[in-house]
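Notes for the one structure printed next.
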């Protein structure tokens, strides 16, 4: 399992969510609270949208709690929309190419979860990637393959539909191989304006996913933020203030933009 | 381009070829003599056969001249057959999975060269890997794909035939995409007993390849080796003693075992 | 805190202690049982004596459970005497120079513990290193400084006396700065023939230290070892077989050679 | 030898000097033009002043031309004053702590050169660091020691005087050890407002140092900069436009602020 966080709103320093909260993402790399794996030390990554058309990307293989470069960059970079991720590998090699987020043009993508029977399905899933995207693969994770499948399914033009198509596509390939292991995931995508997130499983145990309902304490330490401009979607709460966080229901798709969060059912069939 | 070296004979310390000679492989990482790229600093790797059925493998992303672990391991490990490689990336990411040698069961494989139009061919080449081998891919190099194609073509059972089949297969896929860029390579494989090496190009410029004819000076500093037990195949000479080294002719396959080197024509057609 | 292990006896593969046991050193990097810090993921190191006069050394900054090179090297290297260490930093930077073991000529040294008030004492401790040893410092840990202090106190010629002198020296410098924080450590040294280990604290809480009393199950899987030739000293047991392990008493020095373990009082005064 | 660059002026993306010019700093890591060592692949670092009181710092051990994180960060970060450095080690270990720039509060420092007889002098130089600064040492380079010596000599309060005192101090310690090897350096310091740089040797061969006189082509690609606000000090020119660059004379101190460059004699005596 992995842990991730996505923010959209007035520009803040990445450290305000990555470092400073009691259960910050860096803290979750050492001792996650709502994850199968408490330790998520197989690498980390951040992606952030600032003034350029393409987001910045910084990923490395070290435990997040250990890395002075990550700390420095989080202390210095302010962004209006950013992604953070700490990795617990489900088998793939430990290298930067296998760390999240993944980037394609102005899109960032992160994932937590597992495709049941992935070793058996790996080739078919990779072969289902559209030819123009296949050469862009840099690593060997199910996460990255899911991203490129989704891009081929129109992620850049119609993200909600593409996410549904891709989950259905994976279910279909699993069925073709008679895989009974579950398919569970949370995933998030952004084009720099909107954040889309899904929480899904074909059994009753999707990975945890929350969004912020009253995050004033987390992000407004020294800024006077208009809270209704802030969206925060994350694997687990940053602190123990229960009123701040709401669980995203299973089989849901969340769309966050300009501080507004909309939750819709998400239950693709193949 | 990359540089590599393969040794077979009485057990010697790896450092005797990797470190100590004037133009050792580590020296070639900094300043190769007969390579398009003088600098081969995008990682290194060694594989060696000792007492276990599977060879050991040690690969990392640092310039070889920089790495104290590589120096230490070369100083301590003695092997009867070993491979060493320093990498100059032709585009793929810098990570351990993309370093050579590649290992599969008791086989080691190294490569230097480039498949013309690889970016265009990448998907078709990957798809041509037999399904049982595809999940074993850890990286994204043409080198590793070549290895798994060859394994699917019977590399473990009939290596010479498999190497020819694989080169022909690549040529065929290149032709199907009307690629005019050349296909040039040297490559080497071992099963722990025999070393096979090929030097090939579909134009007039295969990468350099040599074998040792009088390597007494290189490997017998403190051992009384029977020279006729030693085989040394390598990208470029370890020193300037011309009588020690012979160039492997273009379009050749070399088979080295028990000190005996045999060179045969190698010019697969598709 | 850190965790370490020292072995002396017939040559065995390092993996038999580093990897295979239920609570192997690699397992302890992820989830130590008797340590303040369950996670020891700030690097690892191995040192081993084989056929050369100087031992080999392989250290890196990654979590030990993550590192394929460590696994490969442990699978291939057999040694008659070796050290293994996994690190939990007490403040110093994460880099190879700050990983254990430390090596000087034919000596290896490892440490677990903390010098009370080290930040205040750092300069005085470094300045107390004899001039001929100071330039050999590669890092900034209290562990490495302790090693070079001990070398200056005659560690190569009279190790038991040098260890006592060095502990006393540290206590003296602590007293000069009126440090009340405790000085607690386990440490081990070898010259390639004998292993010396100390367990000490100037309060009642020295770090854990054990030695193997009946380690037949751990190291004799496929070898017929004469148990009385084997010495095993380690931070915590490798499994739950209570009869296999005995705690080293506090304020003790242990001398292990040729399978024989002698335990003496160790309570230096300054 | 190493290569470095310092910029002060309107905020620009770091890539405009680190990446894009023909002989950018990243290009100099692979093939420097005016350096003893063409290859400067033993690590890199950037430090930059943005909106926080302390500058950001990002350093790593890889060849600069190889590192996607460095590229990404340079593409995204804009700064009004920044330092960049690529390293060729003169003996010290390859790790982040030994990469430049070094940072202390709001100060950044970089260095290129060598203290003659450093191995012999190492301990005395380290001991000359004022006690309050000694614990801040993270590495083992002469560069870092020079920085902390200078801080102890009042670098934060009177930088020009401190630099002179420190060079004199080093010369004095060299003389005490009767070192005849030369002391050659370029070094640069900033407090976030002003850049100070020195070019010095006690023989006739100080390392190269230049400043930009007409850098419109380098930094104004998409910005309308007032050139007279820009200061650029660097080891070697970024391109071959001779009119753009002037050599800093030997034995000089350069003070750059608000686009104004002043050059003064610098020839400390001890």
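For reference, chains read A, B, C and D in written order, and residue numbers begin at 1 within each chain.
Methods note: contacts are C-beta pairs under 8 Å (C-beta built on N, C-alpha and C of every residue); 3 or more make two chains touch, one makes a residue touch a chain.
Predicted, not measured: the structure shown is a model, and the values here were computed from it.
Engineer: Using the contact definition given at the top, which chains are in touch with both chain A and chain C?
Structural biologist: B, D
Engineer: B-C versus B-D: which has more C-beta pairs touching?
Structural biologist: B-C is joined by more C-beta pairs in contact.
Engineer: Residue numbers at the chain A-chain D interface: does the shared fraction exceed half, giving same, or fall under half, giving different?
Structural biologist: Counting shared over all numbers used gives more than one half: same.
Engineer: Please tell me the distance, in whole Å, between the geometric centres of chain B and chain C computed from their C-alpha atoms.
Structural biologist: 39
Engineer: Can you list the residues of chain D that touch 2 or more other chains?
Structural biologist: 68, 93, 96
Engineer: State the interface residues of chain A toward chain C in the complex, per the touch definition above.
Structural biologist: On the chain A side, the touching residues are 30, 39, 41-42, 61-63, 66, 68, 93-94.
Engineer: With touch defined as at the start, can you tell me which chain C residues reach chain D in the complex?
Structural biologist: Counting only chain C, the residues touching chain D are 92-93, 95-97, 119-120, 122-123, 126-127, 129, 131, 134-135, 137-140.
Engineer: Touching residues of chain C toward chain B in the complex: what are they?
Structural biologist: 48, 50-52, 54, 56-60, 68-69, 72-73, 75-78, 96
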